[in-house]
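Have a look at these structures, which come just after this line.
One chain, subunit A, links the two complexes that follow: it is found with subunit B in the first and with subunit C in the second.
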Partner chain A sequence: MAHSNSCVHLTYSSVRLFWEITKRSLQRHLTYRTATITGLITNLFFGLLRASVLLALLSGSSSANGWNAQDIVTYVALTQALMVVVSVFGWSDLMNTVYRGEIAAELLRPTSLFLFWLAQDIGRSLTALVTRGISIMLVCYFVFAIKVPSSFGQWLVVLLSLGLAMVISFAFRFIVNLAAFWSPDARGMARFAFIALGFASGFLMPLRFFPDWLQHVLALTPFPHMMNSIIEIYIGSSDARVIEILGLQVFWAVTLTGLAQLILARATRRLVILGG
Partner chain B sequence: MIQVENLCKHFEIRHRHKNSWAVLRNFLKRDSSTLKAVDDISFSIQKGEMVGYLGPNGAGKSTTLKMLTGLLVPTSGRLEVNGFVPWQSRQKYVAQIGAVFGQRSSLWWDLPTIESLELLQHIYKIPTARFSSNLEMFKKLLDLDEFLQSPARSLSLGQRMRADLCAALMHDPAILFLDEPTIGLDVVAKQRIREFIQQINQDRGTTIILTTHDMADVQKLCTRAMMIDHGKLLFDGALSDLQNRFGGQRRLIVDFEEPPTQLKLANATIISQEALRITFAFARETRVAELISALTRDHAIRDLRVEEPEIEATIRAIYEGNLLSA
Partner chain C sequence: MMLYRHLLLAQLRGAMQYRVSFVLDVLSTSLITITEFGAFALVFSRFQGLGGWSLVQIMFLYGMVEFAFGLTDMLFDGFDSPTFAQHIRKGTLDQFLLRPANLMIQIFGSSLSLRRIGRIVLGIGIFGYAVIHNPQVWQLEKLWYLPFVLIGMGLYFGGLFLVGATITIWTVDSTDAMNLFTYGGKEMMSYPMGIYSDWLRVLFTFLFPVALLNYYPALFFLGKPDPFGLPAWMPFLAPIAGFVMFLVALKFWQFGLKHYQSTGN
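Showing the complex of A and B:
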């Protein structure tokens, strides 16, 4: 009895710690108001640009690869709304703390480095979701009449898929950042990885517009599950595959998290804290 | 509490060619040599001790400290702190230690300082009552109230150090590691930090290991000093022993009434002479009274004084002259 009680307590305090870190990260990111507003304007501007390019692809026909004009505009709105949420342009905060030596302070705390950063990243993502994400979707809804999920159930599945995408994207970026433990300049490698992320996640172009063979190759990687999967579920063009998509997302979230732990354990063993 | 035996940490240093074809040669062939940052060090520290760890820049102080805190894996040797091998069980181990690296902060840069402190309650799972009583106590001792609501980025160096000390102690660590805790602070701020460290050591029995370049830190705080250079432990003992063994000579400074002639003293040598002032150096054992009576017998003297060598000068002499290794 006593044992199970302490287990429950342990889980509660871990969840509490996670939330306390997330809360502080939210608080931090919400203070950058100017950055949020300018980011929002840039988002909308590029959204317009991308929508007109993609619509030109339709060139008279009413649909391309199963999507009509409304689907395409919805796709653009969603990617613009979510690109910061799932960091399609990459992220190198962890790498920078390694190079600045600040990682020392973090390793001196009795927390899992992965969970510590995940909690912070969730905070960052949630900030982006409530500030940029929701406002972009609202603007697009009123101006371009984009699609909206038709049922509460679909909203729920979209949010679930988004949550999983956040974890998958984070685990991938975390692993890329761990390269900093091995190389004094892992930035070049990271840049390459993040370009691949933008391309393969379906951010630059919907994956269904790619040739079949490429779609098959990408389906074997975690990238589509960081962005494309959410879009497919939101637009409802892959309704029959929803369970399969969510299952794959869970698979990749678990696999990448595990991989991150393994690499992290090796990284800290060979750690060289720079300076002083 | 701390057991260190034959501890070594070696780093591979890569050399780069600088002539033509350098890029290609660097790529094809990597010449490297080994830097022995910590070279076969052994010591042990008891619970409640306060130890000063000294040495010039690049001597191996920080490397030792990083191994003790579990941040670096030793190349060889045995290391046990509080029953743990630091790097093997990092998460469990670091829950029992506190550390302040003077040139870095563990506070969240852009959040009010109090937010960073309150997060520690959850990180270390500190019972609420204990957390509040510690916070109250440190608030008073370190005068934190004036800046607890300010973000860490806007704190002065002294304030930041006080906040970091508080952050390192909230979970009642058994051992506190301080790397240059007074670096860059003014005299008043230094004094305040020292008094606080002393109080923690006395009231809570916290074992404290501190590295510093400021000899006053060591003089005022530590009964025991360890000195390291080129990765070797050169001295380990009471600070007064260091002074006795290596403090070298004392000085006698004499102002004469008129230029002295045929000046000679047994047991003392003249080390400088300017107008009427002459400075003698003499061994520690020599009795000053004998020197003075010998002087006054033959010469008219206006004033004189005896100088003890400063610990700082002793240390400098050790660093520069490798007194200990010789």
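Showing the complex of A and C:
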């Protein structure tokens, strides 16, 4: 009895800890209000330019690969809303703690390093979602009449897909940042990874407009599941397709998280050798 | 000019100290251009054109802007809002002001983002490819005009960086707002103006002379008619627009410096 009790207590306290870290990260990011507003305007302006290009490409035909003009505008709004959420432009916070040496203190914490940073990142993502994501989607809804999921069930799978995308994106960024344990040039290497992410996740252009061979190649990587999957579900896919997408997202979330733990274990062992 | 050369050489030597990281930086900035243009070109093959422009015609616009913006961005790095904000916060601007040398040359020489070379080279490549595949451009009197167009664009973007730096004198923190005009303007200039909504096009023709800088010159070089029926001398305003922009920015900069108060460190 006592044993199971302490187990419950343990999970409760770690959930509580996770929530507290998330909450503080949220508060910290909400402080910068002016930056949020200028960011919003810049974001909308770039969205407008991107939509102009795609709509001009479409002009003449009513749809391309199953997407019409409304789908295209919805795609642009979603990518602009989600780009901060899944950090298409990169993230090097963990790497910086390695270079500054703070990582030694971080590893002393009784929580897993991965979970600690994941909680922080979810706090960051949620702020980005509330301050930028939702406002961009609302503006686009009223001004450009973008699509909205038609049922509660669809909203649910969209949010589920978004949550999984956050984990996949974080695990990927975490792994990339771990390169700092091995090389002083990890920053430069990480830049490559994030540029590839922008291209392969469907942020720069809709993946379904790419040549078929390239779509097949990209489907074998985790990148489409950080952004493109959410878009496909949001704009509308058959039930079977939604289940397939979510299944693949779960697969990549688990695989990358496992891989991150594995690499982290090797990295910390290495750190101990260097430090001793 | 001697001073500028000395400072630039120091920058170059500095960059060469960390050769691996420098090479990685150059390669990664090149990759940005490659993925951005690549994604567009790959998608383009599925469609029939963009507002009546073929891919090689768009490459003329795209490559020209990529080159001109890349070069200006590299040279004006010291005035780029995040770099300049550092000068203010760390007090290096105070040091510059105290030295018996030209202030602007010191700022120009303080930082040079050499990694943009990747962008510049690719810009030249895309533009060169476009020139080869657009025979309309091969006329001596047209080629005479080309350097003036490029200088016009350089002055325009340089002016924007100067304005961004001047705003930081008051805000101290770097301002993202300028990105709308620098990177946003660059993005806009990469494609023909006809694809944008009328209000956007009018705003960026007459209030901000973005369309004058490369779209109208491109119509002239490529021998395309103006779909908006503006006067035939529109293509020749590019150098004037760039010059005026830079002059206004310079005045604003001088005004800003008069009101500069050190952060006190």
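Methods note: the second predicted complex is superposed on the first by the 267 of 276 C-alpha atoms of A that agree within 3 Å, B and C clash if a C-alpha of one lies under 4 Å from a C-alpha of the other, contacts with A are read in each partner's own complex, and residues count from 1 in each chain.
What we mean here is this: a residue touches a chain if its C-beta (ideal position, glycine included) is under 8 Å from a C-beta of that chain, and two chains touch if they have at least 3 such contacts.
A quick note: this is a predicted structure, and the numbers were derived from the prediction, not measured.
> Please determine, from the superposition on subunit A, whether subunit B and subunit C clash or fit.
fit
> Kindly classify A:Phe210 by the partners it touches after superposition: subunit B alone (first), subunit C alone (second), both, or neither?
second
> Would you sort A:Thr268 into first (subunit B), second (subunit C), both or neither based on which partner it touches?
Once the two structures are laid over each other on A, A:Thr268 reaches subunit B alone.
> Of the partners subunit B and subunit C, which touch A:Ile195 in the superposed model: first, second, both, neither?
second
> What is the contact status of A:Leu159 with respect to subunit B (first) and subunit C (second): first, second, both, or neither?
A:Leu159: touches no partner chain.
> More subunit A residues touched by subunit B or by subunit C?
It is C that touches the greater number of subunit A residues.
> Which partner does A:Leu246 contact after superposing on A: first (subunit B), second (subunit C), both, neither?
So A:Leu246 meets neither subunit B nor subunit C here.
> Specify the angle subtended at the CA centre of subunit A by the CA centres of subunit B and subunit C, expressed in degrees to the nearest 10.
90
> Once chain A of both complexes is superposed, is A:Ser59 in touch with subunit B (first), subunit C (second), both, or neither?
The answer is second: A:Ser59 touches subunit C but not subunit B.
> Regarding the shared-chain residue A:Arg24, is it in contact with subunit B (first), subunit C (second), both, or neither?
So A:Arg24 only meets subunit B here.
> Report, in whole Å, the shortest distance between any C-alpha atom of subunit B and any C-alpha atom of subunit C after the two complexes are superposed.
Minimum over all C-alpha pairs: 8 Å.
> Which part of subunit C faces subunit A closely enough to touch in the complex?
It is residues 20-21, 24-25, 27-28, 31-32, 35-36, 38-40, 42-48, 50-51, 175-177, 179-180, 184, 187-188, 191, 194-197, 200 of subunit C that touch subunit A.
> Which of the residues in subunit B come into contact with subunit A in the complex?
Going through subunit B, the ones touching subunit A are 11, 62, 66, 69-73, 87, 90-92, 94-95, 97, 99, 101, 103-106, 108, 110-111, 115, 118-119, 122-125, 179-180.
> Applying the document's contact rule, which stretches of subunit A touch subunit B when the two form their complex?
For this pair, the touching residues of subunit A are 13, 16-17, 20-21, 24, 27-28, 31, 101-102, 104-105, 107-112, 268-273, 276.
> Within the complex, which stretch of subunit A touches subunit C?
Within the complex, subunit A contacts subunit C at residues 35, 38-39, 41-42, 45-46, 48-49, 52-53, 55-61, 64-65, 184-185, 187-189, 191-192, 195-196, 198-199, 204-206, 209-211, 214.
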